[in-house]
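Chain naming follows the written order as A, B and C, and within any one chain the residues start at number 1.
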Amino acid sequence: MQHMASLTRLHEVAEPTAIEVARLSHVYAGPEGGVPALEDISMKVAAGRFVVIVGPSGCGKTSLLMMLAGLRHQTEGTILCNERPINRPDPARVGVVFQEASLFPWLSAVDNIEFPLALRGMPKEERRRHAEAMLRLVGLEGFGGRYPHELSGGMKQRVSIARGLVQDPPVLLMDEPFAALDEQTRMTMGHELLRIWSTTRKTVVFITHSLTEAVYLADEVLVMSARPGRIIDRIPVTLPRPRTYEMMATDTFGRLRDRIWQQIRKTTQPGLA
Amino acid sequence: MPLRWPAPSTMRWLILATLLVFWELMPRTKIVPELFLPSLSKTLAVLYSDRLEYVEALGVTLYEVAIAMLFACGAGILMGALGGGVALLRNLLLPVFSSLYAVPIVILYPIFTAWLGVGSESKIAFAGVYGFFPVMLSTAAGIRTIDPQYVLAARSMGATLSQQITRVVIPASIPTVLTGLRLGGALTIIGVVVAEMLTSAAGIGYLVTRYRTILDSPRVFAAILMILVLSVMFDVLARGLERRTLAWQTAGRRPRRSREIMQAVPAGAPA
Amino acid sequence: MTRTQIILTRLVLLGLVVATWELLPRLGFVNPRLLPPLSDVLTMLGQLLGRAQVQEAIWVTAAEVIVAFMIAVPLGAAIGVLIAENDYVGDIFRPMLFYVFSIPKSIFLPMFILIFGIGFGQKVAYAAFSTTFVVIMSAAAAVESVKADHILVARSYGATRGQILTRVYVPSMLPVLLETLRISMIFNFTGVMIAEMYASRTGIGHLIANWGENFQMRQLFAGVILLAVVAILFNEAVRYLESRCSTWRA
């Protein structure tokens, strides 16, 4: 506890807080009183930081992200984003990037990116200007007219990221966005994401199963326990930025990766720890 | 030299051409009596010489088909949307509808003629019921099988409930609904033809029956040929329309696997 | 809503339909000549079932249905397996069969009458003809539903052709096969009905068409109820078997 407190204090001094979660718990309604999914989660994410959450399958990572996005209500606790509570989706403050299937197949890439702006009733031309800028940002200039089924998996996720960023929200939530991609595309996309992040300076909360991806991307890795999900470790990633592929071969990278793995192993197989 | 089989599509045209040649030659060479199968040329000649009668009958049939389709599609989409969208109705009624589906709808036709007479009304009512089921069931299925991820994504972007319906649920269910409309349309044509054949005083189906009873085979086959062309043309048109509407996906194409065809065939579609 | 509540609500709805059917004509809201009260119809159904003429018609129809089914299913299944197993044949005929579904098969009834006359053979031939196509398609679908991976696994463990047939094909296809039989029976039944209603001297379809023409509404509704109940019972029985056989399916 002492260790965690000192860490958060360190961030507080550095930058203003973008996300603050206090004593959040969640219980799913069930036949016998309900299933506890999340337990006493508290965390602070400083503005502009890249935080990755890892944890065993079914630990409630996605539930936590849904609550940060205002898509699901927690049983207890509060979530503040830029010091105002989140209790419904607010795309101006929080953008979300989902796993694979979330591009609308009946809209072209550029129309998909414009979708959140169209919901607000922004005029067509203004919308198009924003969307084109986003396409350039994610490196898809000239692909705006394509439909999702005409794009590769990596390109779809680029469109999805552009859609999440088009309203310029200070916070971007990403739920295993690269899980469906092959290893090579995944590496490239991770690198691309860091490039986009470094030009936009968003606060990112990123969920993944891949330990390598976690260390490669994060300023800080939060490890969650098996259900009910709690945060059992916070690991600051001390690797310098910009990150390079070569860093993956360094001792520091290996040690960080190993520390996350030990924590996950402990929570999934307590007897072996 | 190994013998190479022609491409499947070439083979299909070859088979069709062979059938047409046989249709011409079998009766001519008296292998099949003219009464059973009049030759293609004779059938076409009759169709041309009696074109006024056939075009008039086609008009009646098309009018009945159009009105019946309007009813089948309107009611089918409405009920399907309710059944697919409202969980309560779905659990309560969809299984009942799929049980009722086993009943041969044609046995209801005598009731319609008794109630509405032998004119167009009874055909429209019968064909409307016939086409209603596939439209309703596929609309319900279309709405039910929307990937919940789409709705979730729209909500995360701040879509209101009405925006979720107009911008996500409706476009996402269009492919299935269009398939339903195509099947429903095909079934209303079948329904009208069957009804006209059974009891009526006008329409192409009526011509089939009238000329059958007086054993005028060329005129029977002229009417059959017209119905064949009508059904296939409707299918080609509807599929083309689907392809154009659904440029964003691979719909409207011919299904590659038998399973897809089966799923596209509603269980109550015989006749 | 729980399962019992759903069933109860359905019973209530059924009760409402029954009550409406009984009361509307009784209270004079609709002409009882057009819609006879349900109780009258059911009484008539009881009487009809006692008549020799009706019993004979039922037997004729049943025989037609069964014989047509026994012709259409093996024939269609054989063609269906050919289409599923032979890529070339499949590529040729699959798109053609698709059009066949949008064509009213009834337009060929005159040919069957010309060739077979009006009688048992003609009803059976037409019903078998109109059923074969759906059997072809669903048999092909059944064979295609067997996953190539499963066959590969079986072969890699040294399964013989016979073992692959009995241990991979049959269990994977069983649920789809039952569905095939069920849907074929619906088509088959409809085919017999249309043939009988179109031109016939006996059979339930013929009686129904006659009652309709002669405005004998009580007899007509009794006949419709009888056929509907038989069709629904058969359908539900096979569906029950389907659900028993496919517990392993997601």
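In this section, a residue touches a chain if its C-beta (ideal position, glycine included) is under 8 Å from a C-beta of that chain, and two chains touch if they have at least 3 such contacts.
Note that this is a predicted model, so its numbers are computed, not measured.
Averaging Cα atoms per chain gives one point for each, and the point farthest from that of subunit C is the centre of A. Taking the mean of each chain's C-alpha atoms, the chain closest to the overall C-alpha centroid is B. Subunit B and subunit C have Cα centroids lying 19 Å from one another.
Look at where the CA atoms of subunit A average out and do the same for subunit C: the two points lie 54 Å apart.
The centroid of the Cα atoms in subunit A and the matching centroid in subunit B are 49 Å apart.
Subunit A meets subunit B in the complex at residues 69-71, 89-92, 94-96, 98-99, 101-102, 104-108, 115-116, 118-120, 147-149, 163.
Residues 147, 149-150, 152-160, 163, 167-168, 171-172, 174, 246-250 of subunit B touch subunit A in their complex. Here subunit C touches subunit B in the complex through residues 1, 6, 9-10, 13, 34, 80, 83-84, 88, 90-92, 94-99, 101-111, 113-115, 130-131, 134, 137-138, 140-141, 144-145, 182-183, 186-187, 189-191, 193-194, 197-198, 205, 208-209, 211-213, 215, 217, 220-221, 223-224, 227-228, 231-232, 234-236, going by the rule given at the top. Of all residues in subunit B, only 5, 8, 11-12, 15, 35-37, 88, 91-92, 96, 99-111, 113-115, 186, 189-190, 193-194, 197-199, 205, 208-209, 212, 215, 217, 220, 223-224, 227-228, 231-232, 234-235, 254-259, 261-262, 265, 267-271 touch subunit C in the complex they form.
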